[in-house]
Amino acid sequence: ETSEVTLARQFGIGYLPLTVMNNNQLVEKQLKAAGLADTKVTWSRFGSGSAANDALLSGQLNFAAGGTGPAIILWDKTRTNVKVHGVAALSSMPNLLVSIAPEIKTIKDFTEKDKIAMAGAGSSVQTVYLQMAAAKEWGKENYKKLNSLMVNLPHPEGLNAMLSGSAGIRSTFTTPPFQYMALDKEGVHVVLNSYDIMGGANTFLMVWGTDKFRTENPKTFKAVLDALKEATDWINANPREAAELYVKDTGGKEAVEFIEKMIRDPEIHYTLAPERVLPYAQFMNDVGTLKNRPEAWTDLFFPEIHDLKGS
Amino acid sequence: MPDSIEMRRPRPEVHYEPIASESFGIVEKPLSAWERVSNIGGIRKLFILVVLAVIWQVYANNLNNPLIFPTFVDTVRALFEGIASGGLLLKAWTSIRVLLVGYAVGIALAALLTVLAITTRIGTDILETLTAMFNPLPAIALLPLALIWFGLGEGSLVFVLVHSVLWAVALNTHSGFLSVSPTLRMVGRNYGLGGFRYVWRILIPAAFASILSGLKIGWAFAWRTLIAAELVFGVSSGSGGLGWFIYQNKNMLEIPSVFAGLFMVILIGLFVENVIFNSLEKCTIRRWGMQS
Amino acid sequence: MNQHDVQGSLLEVQGVTLQYKTVEHLITATYKVSFSVESGDRFVLLGPSGCGKSSLLKAVGGYLTPIEGTIRLQGREVQRPGPDRMMVFQEFDQLLPWKTIAENVAFPLHASGKLNKREAREKALEYIAKVNLTKFADSHPHMLSGGMKQRVAIARGMAMEPAILLMDEPFAALDALTRRKMQDELLQLWDDTKFTVLFVTHSIPEAIRIGSRILLLTPHPGQVKAELNSLARDEHDPALHQALEDKINHMLFADKVEDEREVHHA
Amino acid sequence: MPDSIEMRRPRPEVHYEPIASESFGIVEKPLSAWERVSNIGGIRKLFILVVLAVIWQVYANNLNNPLIFPTFVDTVRALFEGIASGGLLLKAWTSIRVLLVGYAVGIALAALLTVLAITTRIGTDILETLTAMFNPLPAIALLPLALIWFGLGEGSLVFVLVHSVLWAVALNTHSGFLSVSPTLRMVGRNYGLGGFRYVWRILIPAAFASILSGLKIGWAFAWRTLIAAELVFGVSSGSGGLGWFIYQNKNMLEIPSVFAGLFMVILIGLFVENVIFNSLEKCTIRRWGMQS
Amino acid sequence: MNQHDVQGSLLEVQGVTLQYKTVEHLITATYKVSFSVESGDRFVLLGPSGCGKSSLLKAVGGYLTPIEGTIRLQGREVQRPGPDRMMVFQEFDQLLPWKTIAENVAFPLHASGKLNKREAREKALEYIAKVNLTKFADSHPHMLSGGMKQRVAIARGMAMEPAILLMDEPFAALDALTRRKMQDELLQLWDDTKFTVLFVTHSIPEAIRIGSRILLLTPHPGQVKAELNSLARDEHDPALHQALEDKINHMLFADKVEDEREVHHA
C-alpha cells in the first residue's frame, strides 16, 4: 500500500463532498479504520480538469475530480494502458443555458448573431448537452447545428459578459453557482436545462482514478471511497452544517442561506451512484468523440460501486 | 592677401593672472522652487500615479459596471479588507517566495547558458536554437513535463517560472555581451582573464545595461506566468498565492477583490522598479557613466 | 577697437565656468574663461591635458551649458547645437557606424537641408579624396584605423563649410605627413571660404602654423593665461617661429613645474 | 650605461623594396574539410536539432506514457496528419495573422512611448511607471477591459498581444537609447536633428542591438500569450488558431496532436529566428561592426 | 651576430600578412612583414595612418592571427593574449568604465596574480602619481578628458612592468609637455627594469627620442620599408637628430608623394 494518497478537488458547490472529506479529515479517519494510520493524505486543487488529468497520468495524483465529460474521454483513451475508471459520482446538478434576451425562449430562437458563451466551447460538458439538444430538435445528423454560436469564455467571464451586456453576449451555458447568480438578476431566464435533455437528474461531477492504483492499493482505495460515502451521507443529513462548512472553506463571503438552499434543492443530488452517465457516453460515441462504446454504466466505473443503482 | 582679415584689425595681446583654484568658492546655479520640486523624480512619478488613479476612478464611475471594472476606491477598500482579514499579504508573500526562487534559478541558468555561448561557438548555436525553440512555448505546454519531473507543488511552479525568466534574460545578456566594445574585450583578455573570470570581471559589467533590462523583463514575465500558472496548477498545500486569490475571487464574482489582487501585483511592481532596480541602476551604469 | 567692441564679435565667451555634475563629484572644468573670436579668425585653444579645452568647445557647440557666464554667437546666446557650428570631436567613435564613409560625410550635408542627395554625395567624395580615403568611401567605419576615422571626421566637418568649424585635436592621431597635408587642406579651405575656425591642439608648432590667434589656458581647472597673436601666414622665418614657440612653451612650462611639484608632494 | 644593451650588439640597418599591392595575389588560409563544414552555422544548428530530436524520442520511449509525453515520431506523424486533414496550416496562419497585427501595433506603441520618453523628462517617468505597473499583469487581468473595448474575437486578442509586446520592446529600446554613446548623440544633435528625426536617424540605428533583442523577446512572448489567450478568449468554435487547436486536442486527450501544435510553434520560432532575425542582424549590426 | 641568429630573438615576426574579413570586404592590413626584436629593445613602428601599425601590434599581442607567416615570442608561437604583453591601446575606451582610475591600474596587477590587493593599489597609486592624476584616483573614467584617459592607460601598462610593453600611439592625445614627461617616465622605467617595448608612433622626433630601433612601413597595405638604428640615448647633438629625422622623413615622403598623385588621379 502507498504511503501517501493524493486527491484533487476543484472550486464549486458540486465538489462539496470533497470539501467535507478534506475539512473533516474523513480520509484519514477511514484509513485509520483500515489500519493505515501512517498514510499521508494530500489535497490539491486545480484550476482546470485537464491539469488534474495531467497530474493523474503523470502519477502525481491518485484521485481526480471533475466533469463527467473529461472523465469519460479519459476512460476512452486509456482502455489499452492505465485503464482509468470512475471511482464514484459526486453530484448531479442541472446545467442551465440562461439568457437575458427576452425573445430567446428555446434553442430554436437562436439566430446566427446570438452567441452563447460557455467554458471549453467545443469539448466541454455543456457542449455535449447543447449538441444532444440539437440532435433532439433537428435530428441526429444536425447535432452540430448550434456549434457556430458557441463562444469560448470561462464561466465567470461568460456570466459577467452576459450581465454587463459587453461583447454582445446575451446567453451563457453555465453551471452552479454561476447559473443561480445569473437567475438572481432581473430578466435572466432559463432557455435549456440539462436535466430536460437527459430526461432527469444527471451526474455532473465525479471522481476517477487509474486501475493501477486501485489494484496496488486496494485498502487505500476502499478507505477513500468510504470517506466519500461518509461525506455524502453527512451532507444529505446535515445540509445546514454542510453549507456553513462550505462558506467557511471558501472565505466566508457568501450567504449560508443561499448555499443551504442549493444543497436542499431537490434537483441537486449528492450521491455516489452515477445518474444517466451511460446515455451521455453513448451519445459521445455516436457522434464519434469516443472510439469505445460502453454498453453498461458499469463499464465506466470500478467494481466497488457496481452494486449501486447507477444508470 | 590671405591674411587680410587679421591685418584689418590688429588686436592687442592679453595676459591674465590665474587665481588659485581653492579660492573659487562653490558655484551653483540657482533654481526656482518649481524647478526644484519637479527635479525630484519621486514627486513626478507620484503625480503620474495620482493622475492614473483619478482616470481609473472617473472611468469606472462612468462605466458603472462594477462586475467588469470596479472603481479605484472600491478596489482600495477591497485591498485593505483583503489585507485585514483575507491574509492577502500572506498570499502575496507565498507568491513572492516562489517567484524569487524561480527568478534566481532562471538567472543562474541564463548565466550558465550565456557563459557557454560566449566561450564556445557550439554554445552560441545551442543558446540561439534553444531560445528560438522554447521561448515561444506557453507555460501550459510544460505542464506535463513539469508534473513528471517535479510533481505537484512548488517545484513545478518554479519550473515554469524558470522558463519565463531564462530565455529573456539569456537573450538580452548574450546580445549585451556581443555588443561589448572590441577594445574592452581585448583589455580583458590582455589581463589573462578567461572563461568564467573573463565573463564576470569584464563582460557582465560592460553589458550591464542590457542585462538589467533583461532582468526587468524577466521579473515582469515571472509575475505574469506565476499568476497564470497558479490558476492552472492550483495549490497543493497551504492557501495558495496571489494568483489563486484572484482566481477564487473571480469564481465568486468578488470583482473588487480580483482587482485588489491585481493592484497588489502593481504595487509590488512599482516597489521593485523604483526601489530595487532604480538603486541598482544608480550604483552601477549611472555611476559608471554607461547610461545617461 | 572701439567699433569692434560696440559691434560685438562673432563669438563672445564671457566669464564662462563649466562644471560636470556626476553622481558623486562636482568637477569644475573651466573657471571664468573669457575670449572673443572675430569672424574669419583661426582661433586656437592651447593648454595642458585636462585643462578644459574640449569642454569649452562643447560649450560653444551648445552641448554644455555654462553655470556662470555667457556664450554669444552673433549677439545671440548659444542655446543648442546646430549645423552652423560643425564639430570635429576628439573621440574616435564620432562616425555613425551604420553609414559608409561616403554616407557619413554626405549625411549632414543632406540632413541639414544644404544639398540634395546626389550633390551631397558628390561633395562628400570630393572631400574624402582630400583626406586620401577614396579607396574606403564605401567601407564602414569599423574597418578603418584610428587615424583614418579622424580623417573622415575632418572631411565631414570641412565638407559642411560651416560658419564656424569647431575642431578638437583633429590631427592628433595622424602621422607627421598626413597631418601636414590635413593642415594644408584646412588652410586652403580657409583661403577659399574664409570661415571661422575654433581649433584645439596640444602641439605648439601646429598652433602657430594654423592659428591666427592663440588662447593659452592654465592646467585644470582651466583659466585664461593669455591671448596671443600668432604669426602671419606668410611669415616663414624659422627664428620667429622658434621664438614664439619658446614663449608659449615658457608660459605653459612655468605652470607645469608647479604642477609637478604639487603632485610629488601629494 | 643606459644604452648598454644596444651597444652590445650593433645591428645592421636593413632596407627593403616594397612590391606593388596589385601583385600580392589573394592570400587565403587553407581549412580542413571538417573546419569548412563546421564553419557553416546552418549545419551546426541542424546537428543540434537532430540531437534534440533523438533525446526526445529516446526519453519519450523510456517514459512510455504517450498521454503525457508522446514520442517525436508520433508527434511528427500527428503533425503531418494535422496538416493533411486538420487544416493545421490554416490554423497556424490564423494565429500568425493575429500575431502580426498585435506585434506591429505593439511595436508602434513602443516606438511612440520611447520617443516620448527620450525627448521629455515626464515621458521617461511615464514610461517607467507604466512599464513597472502593467508589465507584470497577466493577460487574464486585461480580459474584462478587452471585452468592453474590443468585444469578442480578434480585437481582444490583439489587445493582449500588444500588452505582451509593448513593454518588453519599450524597455529594451529605451535602455538601448540611454546607452548610446554621448559622442554619437552630440553628432546627431550637431546635424540639427531633433525629435522624431533624431530618434530615427541616430538613436534607433545606434541602439539597434538592444532593439533587436527586445523584438525577439516580444515576438516570443506574443506567441506565448496568443496561445494562452486563445484558450481563454472568446474564439467562436471552428475559427480558432493554433492555441485553439492545442486546447481542443488537449481536452480530447489527443496528446500527439497537442504536441504537433506545439511543434508547429517551435518550427515557426526556428524559422523566424534563423531566417528573419538572423538576416536582419547580418545586414545591420554585424555589417556595421556593432556586434561581433 | 652569429650567436644572436642561432639563439633567436625575443620576438620574431616572420613574413606576417594580416587580413580583416568583414561581411563584404577582405582587407589586407600588412603584407609579409618581418622584423625581430631583441630583449631590451625600444622598438618603434613608424608609418603613415592606416598602414597596419595597430594591426601588427595586435597580432603580437595575440588578438589577431596572421593568415600567413609566424610570430614567435621566446621561440614559442603567439597563440593568445596574456599579461606578459601588456598593451596600451590607441582607443580612448580602453579603461574599464566600472572601475575607478586607481582600480583600473590596480586590477591587472591583482588579476594576473602579480600582487595582492593592497600592494596592487599602492603600486597603482605610485604610477598614477607619475602620470599626474593623483587627484583623480577615485574618479571613474567617464569623468576624464581624452588625454587623461590615455595617461591612465599608460600608467596601467607601465605599472605591470611586463616583459614586453606594447604601446599604440600612447602619447598622441597629450600636449607637448605632458608628452615630454611621459616619455621621460617611460625611459626612466626602462632604465630601471630594462623591459622590451614595442611602440607605435606617428611622430618622427618621438621615434628617435624613444626608440632604439625603428621599423619604417609603407602606406596601406603595410610592408617593411626599412629597419633603422636610432640614436644613442646620450647623443644630444641636434644636427644628428635633424639628419636622422630628415632621412626618415624622406623615406616616408617619397611614398607619400606617389600616394597623393594616385589619389588625385583617381
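Lettered A, B, C, D and E in written order, each chain numbered from 1.
Assume a residue touches a chain if its C-beta (ideal position, glycine included) is under 8 Å from a C-beta of that chain, and two chains touch if they have at least 3 such contacts.
In UniProt terms, the chains line up like this: B, D = ABC transporter permease; C, E = ABC transporter.
No experiment lies behind these values; they were computed from the predicted model shown.
Engineer: Identify the chains adjacent to both subunit C and subunit D in the sense defined at the top.
Structural biologist: B, E
Engineer: Across all chain pairs, which one has the most C-beta contacts?
Structural biologist: Looking across every pairing, the one with the most contacts is B-D.
Engineer: Just curious, how far off is subunit E from subunit C if you go by their C-alpha centres, in Å?
Structural biologist: 27
Engineer: Rounded to the nearest whole Å, what is the centre-to-centre distance of subunit B and subunit E, using the mean of the C-alpha atoms as each centre?
Structural biologist: A distance of 43 Å separates the two centres.
Engineer: Going by the contact rule already set, what residues in subunit A reach two or more other chains?
Structural biologist: 54, 57-58, 160, 164, 166
Engineer: Can you list every residue of subunit E that touches 2 or more other chains, as numbers and ranges?
Structural biologist: 22, 91, 93, 140, 142-143
Engineer: Residue numbers in subunit D touching 2 or more other chains?
Structural biologist: As it turns out, subunit D has residues touching two or more other chains at 65, 68, 144, 147-148, 231, 287, 289-290.
Engineer: Can you identify all of the chain pairs that touch?
Structural biologist: A-B, A-D, B-C, B-D, B-E, C-D, C-E, D-E
Engineer: In the complex formed with subunit D, which residues of subunit A make contact?
Structural biologist: 50, 53-54, 57-58, 70, 73-74, 76-78, 81-82, 115, 117, 120-124, 147-154, 157, 160-161, 164, 166-169, 289
Engineer: Contact residues on subunit D for subunit B in the complex?
Structural biologist: Of all residues in subunit D, those touching subunit B are 41, 44-45, 48-49, 52, 63, 65, 68-69, 121-122, 125-126, 128-129, 131-141, 144-145, 147-148, 164, 167-168, 171-172, 175, 178-179, 182, 209-210, 212-214, 216-217, 219-221, 223-225, 227-228, 231, 243, 246, 262, 265-266, 268-270, 272-274, 285, 290-292.
Engineer: Could you list, by residue number, the parts of subunit C that touch subunit E in their complex?
Structural biologist: 20, 22, 25, 27, 46-50, 52-55, 90-93, 129, 132, 134-135, 139-140, 142-148, 151, 169, 172-179, 181, 202-204, 249, 252-253, 256, 259-260, 263-264, 266
Engineer: Using the touch definition up top, name the residues of subunit C that touch subunit D in the complex.
Structural biologist: Within the complex, subunit C contacts subunit D at residues 58, 61-63, 80-83, 85-87, 89, 91, 93-94, 96-98, 107-108, 111-112, 140-143.
Engineer: For the complex, which residues does subunit C have touching subunit B?
Structural biologist: For subunit C paired with subunit B, touching residues are 1, 4, 17, 19, 22-24, 26, 28, 31, 38-41, 67-68, 191, 194, 212-213, 218, 221, 223-229, 232-234.
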